[in-house]
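The structures come next, written out as structure tokens.
Next, two complexes with subunit A in common: one pairs it with subunit B, the other with subunit C.
Coming up: the complex of A and B.
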């Protein structure tokens, strides 16, 4: 999860999020280049005591400062489009999970191999244990096997919500009457947090998402435990 | 100033001052901005990529999972000392 005074993106926990971070660095290079150019130009212009009285036009420089930004845009757009299509790639998912947004909780269904359904409510302040994150913990977490391609189908039962997990680079609107698909793959074990990202009423800020990425054996044991408890 | 005879200043540039200024400051601006960009790439972007590569090169899922489990991170897999207490 994000830490206090954090400035950058969260550490990536999926290959797609890693690529997003590298793309962010790429765009930052372009922005730094432009900002430094403009900053130096402003410095020179402000500190200069000369004015060129006979300046009327500058066809060459106008062509240059049209073509160069166009090239810069292409340099940004090409990796951007590559990443955009990468986020949509779903290569033979081994598991499909449905996430349904409600006011104001999420419910999950694992109906591939088992028939597991549960609701995921935010833990109120009084139920938190020492060290738990306020407004981020839930009673039932989404458990996923690590290093496994998962298809996440997101929808909603009432109003539009959005299922988000920043460290996995995931955000998808949960729209009633529509199934949106997400490709999900956790590269490392751990817990990953997210929050509803589409205004959905009074408790929009109080319906978080928590994912536990665990080894396959642990995931199977959890599935068995869930089936037994039902 | 010590090497100029008294009463004579160096002749200022009378023509093409704007062009010469543009060339000079344009070059400085380009070098400055590309230098800062290269510094960001070498100090931030490339080390970050290397850091991720090194992290996953010898990443042991089982070892990391056991460490996190014993720390009580997961709800689906409780630490062994908690299970021992229950027993």
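Coming up: the complex of A and C.
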């Protein structure tokens, strides 16, 4: 999760998010260069005492400042498109999980091997333990094996929601009557938080998502525990 | 075509007759000639409109002037204004006095209606300039110009008013916010107090939150202290 006064992106927990961070750095560099150039030009022009009274046109400079931004856009667009198609790639997923958005909680179904279904409600303030994150903790987390390619199918039962986990670079609209597919792969063990990202009513801000990436053995033990409890 | 028709078409820069006298002119100068006529027409009609007369009356008065000045000879058209027969471009064609550092010579003097003393001074100016005292020279300058170049370019200090006013308003918003916080807003949840924040940070370190460049990367796990 983000730390207080954090401005930048969170550390990546998936390969796709790593690529997004690199792309963000690349575009930020281009933007800073352009901004510095503009600020410098503004400073020079404002502080200059000279006025050219007979300026009527500038065909050469207009051509230059049309062609150069076009080149800059190509430099930005090429990695952008590559990343866009990378996010759609799904490499032989070993697990499929369905996430269904309701007003105002998420429910998850692991139906590949067994029938594991549970709801995930936000923990209210009174139920938090000391040190828990307010508005982010849930009663039942999404437990996933680490370094495993997972297919996440996202849908909704009533209105449009959006399933988001920023650390993994994931965001997908949960649309009723439609299944949207996400490629999910956690590179490291940890807990990753997200919040609903599509306005869905009064408690839209109070239906978070928590993913717990664990070693495979721990995941298997969790599955057994879930089946036993059901 | 009659002269009256010519004057009616003058505002549009069209001179339908008399083309024979420009037949020897090259086509480029031909176009510039028509442009010169149009610009002179606009200025001329503007002057007429300032006198507040009807259009028909103006045209009746204009006919003899037009015939005399422009209708027959290109050489007369070329005589007015800037290079190649075109009048010099003016930023302020309406003959209003303006102090502009980039156009330091306005079309009209600052004081146009002179008192008797000023008229006498102007008459003295027509003579030998060495006879004018420093005070008289300054007076003559001030008749012609409102401000010197240095005065026109001098900073006004307006920025102080703007910065001061903006700072005052921002300070007022701070006061309003403090009043709202003290009397109107509800209490912050217990998760915002120091002990809870400390416990939260311990938990984040335990679960290796942001271990690459973020929080957990700054903690030395072997020695249990910050790096």
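What we mean here is this: the second predicted complex is superposed on the first by the 230 of 230 C-alpha atoms of A that agree within 3 Å, B and C clash if a C-alpha of one lies under 4 Å from a C-alpha of the other, contacts with A are read in each partner's own complex, and residues count from 1 in each chain.
The definition used in the following text is that a residue touches a chain if its C-beta (ideal position, glycine included) is under 8 Å from a C-beta of that chain, and two chains touch if they have at least 3 such contacts.
Quantities reported herein were computed from a predicted structural model and do not represent experimental measurements.
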Would you sort A:1 into first (subunit B), second (subunit C), both or neither based on which partner it touches?
second
Of the partners subunit B and subunit C, which touch A:191 in the superposed model: first, second, both, neither?
both
Return first, second, both or neither, reflecting whether A:132 touches subunit B, subunit C, both chains, or no partner chain.
second
With both complexes superposed on chain A, which partner does A:10 reach: first (subunit B), second (subunit C), both or neither?
second
First (subunit B), second (subunit C), both or neither: which does A:53 touch?
second
Which holds for A:65: it touches subunit B only (first), subunit C only (second), both, or neither?
neither
Contacts of subunit A common to subunit B and subunit C in the A-superposed view 12, 188-191
Subunit C touches which residues of subunit A in the complex?
1, 3-4, 6, 10-12, 51, 53, 125, 128, 130-134, 188-191
Per the contact definition, I'd like the list of subunit A residues that touch subunit B in the complex.
12, 18, 21-22, 25-26, 28-29, 32-37, 40-41, 44, 48, 50, 52, 55, 141, 143, 146-147, 187-191, 212, 214-215, 218-219, 221-222, 225
Seen from subunit C, its contact residues with subunit A in the complex are 91, 101-103, 189-191, 195-197, 199-200, 202-204, 207-215, 217
Residue positions on subunit B within touch of subunit A in the complex are 17-18, 21, 25, 28-30, 32-34, 36-37, 40-41, 44-45, 48-49, 52, 56, 59, 61-62, 64-65, 68, 73-77
